[in-house]
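Note that chain A is present in both complexes that follow, paired respectively with chain B and with chain C.
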Partner chain A sequence: MEFGTFLVQCLNALQYGLLLFLVASGLTLIFGIMGVINLAHGSFYMIGAYMAYALAPFVAKWTGGGFFATLAVGLVLSVALGYVLEWAFYSFLYEREHLQQVLMTYGLILVFEELRSILVGNDVHGVKAPDWLAGSIPLGDLMTYPVYRLFISAVCVALAAAMYLVLTRTRLGMMIRAGATNREMVQSLGVDIQFLYRVVFAAGVALAVFAGMIAAPVSSVYPGMGSQVLIICFVVVVIGGIGSVRGALFAALLIGLVDTFGKVVFPHAAGVLVYVMMALILLWKPDGLFKAG
Partner chain B sequence: MSAEKLIEARGLHAWYGSSHVLHGVDLLLGRGETVGLLGRNGMGKSTLIRTLLGHVRERDGRISVAGRDVSKARPHEVAKLGVAYVPEGRGIFPNLTVRENLLMAARPSRDGRREWNFERVIETFPRLGQRLDHFGAQLSGGEQQMLSIGRALATNPDAIILDEATEGLAPLIVQEIWRVIGTIRTAGIATMVVDRDYRRVAAESDRVVVLQKGRVVLEGAAKSVRHEELAGFLGV
Partner chain C sequence: MKSNTLNRLKRLALASAVGLAVGVAAGPAAAQQKLKVGLMLPYTGTFAALGNAIENGFRLAVSENGGRLGGREVEYFKVDDESDPAKATDNANKLIKRDQVDVLVGTVHSGVQMGLAKAANDNNVLLIVPNAGAGAVTGPMCSTNIYRSSFSNWQPGYAMGEVVAKRGHKNVVTITWKYAAGDESVGGFKEAFEKGGGKIVKELSLPFPNVEFQALLTEIASLKPDAVYTFFAGGGAVKFVKDYDAAGLRKTIPLYGAGFLTDGTLEAQGASAEGLLTTLHYADGIDNPREKAFRAGYAKAFPSAPAPDVYAVQGYDAGQMLATAMAATKGDAKKFDVIHAELSKATIDSPRGKFTLSKSGNPVQDMYLREVKGKENRVVGIASKALSDPSRGCKL
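So, the complex of A and B:
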C-alpha cells in the first residue's frame, strides 16, 4: 500500500470511528446509567440524517441560514425530542426487564420508520456540504482528501473532548457517573434522578441526531440507515464495556481501523472482520475492554 | 421532649410487595437530638429509615421534615430538606474518587450554611485527605465509612441517619466512628443511629426506640431505659 493511500485510509478510519463514537457514546451512557437497552438509538441517527435533508429548505426560508443553521435547529429539536421521549416512554422502562425494553424500543423503530416514510418518503437523498467545506486537500502528489471529512473528524474530536470534560470535571458529570452505580444513594444526596436521567437521555439522543446530521453529506440519506448503525454501535458498546464512554471511544476507533483497512486488505472478508474481532475480544475480556465510569 | 420537631412520623406503614413490614410506627427526632434505633435483624429498622427517606414507595402514614409534609415526597426532596443518609453498606460510589464523592454531594444547607465545607470534612477525617485521588472501590471498609459520613456532612444537614455505621469494622475504626458521631452531636446535628452495640447506642443517645416486628415496643430517654430491658428485646 502506498503511503498516500495508507494516509487516506487512516483518515477515513479515524473519521468513521469518531462518528461511530458519537452515536455509540449515547447508547452506552443510556445503557450503563439507566440500564435501558435502547434499540431505537439507531433511529435517532436516521432522524438526524433526515433532519439535515428535510429541515434545510425550511431553515433557509425562515432564517436564511444554511447547513450550520440547520445543524443548530436540528440540535435544539433533538434535545426536545429526547426529553419528551424519556418522559413519555423511557421513564417507564427503568424498572422493567430487558425483554420489555427490547420490545418497546423495537416498536419505536417501527414507528420512526413509518413516520419517516410518511413524512419524507422512501427515496435516497443527498445532502450538500457547505461550499467552503466542499473542496479537497492534496495528500502527496496523487491523492486528495475531502475537507468535509476532516471537518467531521474535528467536530467529533471537539465533542468527545467536551464530553470528557463534562463527565470528569463537572459536578453534573460526577452525578451521572455516580448514578450508574447507586441511584438510590444519588437521590439521598439531593439529586433529582428523574431529571438527571432525562438530561442524559436527551444528550444521548442529541449526540446521535447530530452524528446523523453531519454524516448526511458523506453517507447520503436512506431508509434503514438507523438499523445499520445500531448493530455496529452495539458492537462498540460491547467491545468497549457497557457504560464506559472511554471504552466506546477506544472500541469505535478500533472498529474504524479494522473495518476501513479490512475493506482494502481483505475485501472478501471485510463484512465479518469486525465481528470476528468482537468475538476474540470477548473471549479475552468477557466484560469488554473497559469498565464503566 | 422539648426540642423542636425535625422529623416526625405518625402511623407509618410500609410494604415490600405483599410483605407488610411497618405497622403504624410513630417516631420523632428533635432538632439537635440523638435517637438510637434498636431492634433485632429483620424487625424493620432499615425499612423505617428508607421509608422516612422516601425510598419505599408502598407506604402509608404521615411523615414531616422541618414542618413540611413529605409523606408523598421523593427521596431527593427529603434530602434537600436537610436529612442526610449514611446507609448500611456505606453507599460509596466506587467509580468516583474520594474528592469526587465529596464534591458531588457538597451543597449549602437550606438556610445557606456552609459550615461543613470540603476542608472541614477533611479535617474531621484526616485519613481521607491522604487518599483524595483514590477511587471509592480502593478504600478500606473503615475509610469507606468515613467517606460515607463525610459525604453526608458535606450536604450541611440538619439531621444524619446512620444505619449500621460500625458494621464489619475493626475495633479501632469503630472507636473512630463513634468519636465522629460525638462530633456530629456536638455540632448540633440531629442524629438517628442504628447499631448492634446497644450499650453504646444507649450511652450516646438522648432517646432510644426499639422496633419489634415493625412496631415500636419501647421508647424512652436513654438514661432511664434499663440495659436488661433492652437486652430482652434484642435477644442478647
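So, the complex of A and C:
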C-alpha cells in the first residue's frame, strides 16, 4: 500500500468511526444509564433518515429553509417522540427483566417499520446535501473526497465534546451519573428522577434521529436501514463498556480502523473481523474497555 | 394497508361474482376441475412492490386467455413468502399440501427460491420462477417440472463482459456483495471478459448487506483500472453509485453494471447515475408493437398500479409459458415430459422481445445494453444476442 493511499484509508477509518460513534452514543446513554436494552434504537436512526427525506418539502414550503431547517424541525420532533415513548412504554420497563425489554422494543421495531411502509412506502430515496457542502476536494491524482463527509466528521467531534462536557462538568450530568449508580439515593435527595430519565431518553432518541438525518445524504434512505446499524451499535457499546461515552468513542474509532483496513487487507474475512475483535476484547476485559463509573 | 385489504376484498368479491355468472351461464358443460395456481411471492417487506407487479403481469396473461389455461378455469391461491428463506419450505408446503395446487409460481428472493424449488422437486409439482436468478435452480436442481421466465444471474454479467472487452478495456476491477447473486454475476462477467482478452486485476467484495464502500473506493483509486464492473441492487445500488460519483471516480474510471444497479433506483441516484451503462433482458424504449400492446393492456387492467416494469413482464411471461404448457397437455400439469418437450421448442412472444427456453428451462434471450438518460434506462443496442445460460450441473 502506498503511503498516500494509506493516509486516505486512515481518513476513511476515522470518518466511519466518528459516524458510528454518533449513532451509538444515544444507545450507550439509554442502555448504560437507564439499564434498558433498546432494540428500537436502529428504528430511531431510520426514522431520522426518513425525516430528512420526507420533511424536507414541507419545511421548504412553510419556512423556506433547506437542509438545516429540516434538521432543526426533526430534532424538535424527535425529542417530543422520545418524551412520549418514555412516558407510554419505556417507563414501565425499568424494573422488568431484560427479556421483557427485548420483547417490547422488538415489537416497536415492527411497528415503526410498518408505519414507515404505510406513510412513505418501500422505495429507496436519496437526500441532497446542502449546496455549499456538496463539493469535493481532490486527494491524489484520481480520487476526490466529498466535503459533506468531512462536515459529518466535524459535527461528530463537536457532539462528542459537548456530551463529554455536559456529563462531566454540569449539574445535570452529575445527576444523570448519580441516577445511573443509585436511583433511590438520588430520589431521596429530592431529584425528580422520573423527569430526569425522560430527558435522558429523549436525548438518546434525538441523538439517533440526528445521526440518521445527518447521515441521510451519504447513506441514502431505504427500508431496513435501521436493523443494519443496530448490531454494530451494540458492538460499539459492548466493546466500549456499557454506559461509557468515552468508551463508545474509543470503540467506534477502533471498529472504523479494523473494518476499513480489514476490507482491504483481508477481504475474505472482512465480515467477521469486527466480531473477532469484540470477542478478544471481551476475553481480555469482560466489562469492555471503559467501565462506566 | 387497510385500503389495500379493502381493495383486495372488493376485487375478490367482483371476481367471485363474475365467476358465478360465468359458471351459471356455462352450465354443466364446464364440469372440468379448476386449475389451481399457487402464487408464492413477497407481498410485504422490501420486495412487496415486485411481488405485486409479478402477480399483476401473471393475471393479465391468464385473463388474455379468457381466464382459462388448457381449457381449465384458473383459481388462485396466495402465500406471502416475506422474502424469508427460513420460512420457504413451510410456505411452499402450505400451497402444495394444504391448498393442493397444480402449479407453483414464485418467487423473487434467491434464498427463498432454493427452498421453493426443492419443495417443488420433492413433491413433483410444476414450478415457474418469475424472478430469482439463482444459477442452481436451472443448474444442479433443474428438472422437467421447473422453468424460469426471468434470467439467471450469470446472463447480464456475461453480456456485460463481452461489451467491456469490445470497448477495449484491458484491466478491470470487480466489486460486489459476497453472496450467491453477486458471485454468479461477477463469474459471468469474468468468463466473457477474459475470453475477450481482458484481465481482472482484483475482485473486491464486502459482506452482504454492508454499504460502507469508502475503503474499497480508495482501493479502486489506488489500483487505477481501465473500468469497474459491479453488481449491487436496491439500497446498496443507490449508495454505491452515489459514493462512486462523490469519490470522483465516475469521471476517470468508467463504471459498468448488471441492470439491477439502475432499476427502480434512478429516482434516488439522481445525476450520479446519468450515463451509466448496464445490461439486462428488458429496457425502456424497446418500442415494438408487442411491448406497446402489453403496456396498454396492463394500464387498462390495473389502472391504480404503477406502470409495468421488468417484474411485471416476467410475471406476464410466466403466465404465457404456463398457457403454452397447458395448451399442449390439455390442462394436465403432471405430464412433465410433454411440458418439457413443448416449452423446449416454443417461442414466447414477450414484451421484452421473443425468447425461447433452454433444455434446463431458462430463457435464451437477447441482453440489452442500456444507458441511463434522465430517469430511464434507454436501450442503446443488444449486448448479447440469444444468450443462453450454461446451466452447469444440469443433466437434462
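Simple rule for what comes next: the second predicted complex is superposed on the first by the 288 of 293 C-alpha atoms of A that agree within 3 Å, B and C clash if a C-alpha of one lies under 4 Å from a C-alpha of the other, contacts with A are read in each partner's own complex, and residues count from 1 in each chain.
Keep in mind that, in the parts below, a residue touches a chain if its C-beta (ideal position, glycine included) is under 8 Å from a C-beta of that chain, and two chains touch if they have at least 3 such contacts.
Please read these numbers as outputs of a predicted model, since none were measured by experiment.
Asks: Touching A:181, do we find chain B (first), chain C (second), both, or neither?
Replies: first
Asks: Is A:164 touching anything from chain B or chain C once the two structures are fitted on A? First, second, both or neither.
Replies: neither
Asks: Name the contact category of A:220: first (chain B only), second (chain C only), both, or neither.
Replies: After superposition on chain A, A:220 lies in contact with chain C alone.
Asks: Which of the two partners, first being chain B and second being chain C, lies in contact with A:189: first, second, both, or neither?
Replies: In the superposition, A:189 touches chain B alone.
Asks: Between chain B and chain C, which one contacts more residues of chain A in the superposed model?
Replies: Here the partner covering more residues of chain A is C.
Asks: By the touch definition at the top of the document, which applies to A:263: first (chain B), second (chain C), both, or neither?
Replies: So A:263 only meets chain C here.
Asks: Give one of first, second, both or neither to describe whether A:151 is in contact with chain B, with chain C, with both, or with none.
Replies: Neither partner.
Asks: Help me check something: in the complex, which residues belonging to chain A touch chain C?
Replies: For chain A paired with chain C, touching residues are 1-2, 5, 8-9, 12-13, 15-16, 114, 117-118, 122-126, 128, 136, 138, 140, 142-146, 148-149, 218-225, 228, 259-261, 263-264, 267-268, 270-271.
Asks: With touch defined as at the start, can you tell me which chain C residues reach chain A in the complex?
Replies: Against chain A, the touching part of chain C is residues 1, 44-46, 48-49, 178, 204-207, 209-212, 214-219, 221-222, 224, 234-235, 237-239, 242-243, 246-249, 252-253, 264-265, 267-270.
Asks: Give the list of chain A residues in touch with chain B in this complex.
Replies: Residues 171, 174-175, 177-178, 180-182, 184-185, 187-194, 291-293 of chain A touch chain B in their complex.
Asks: Quick one: in the complex, what on chain B touches chain A?
Replies: That would be residues 53-55, 74-76, 79-80, 84-85, 87, 91, 93-96, 100-101, 103-105, 107, 151, 155 of chain B.
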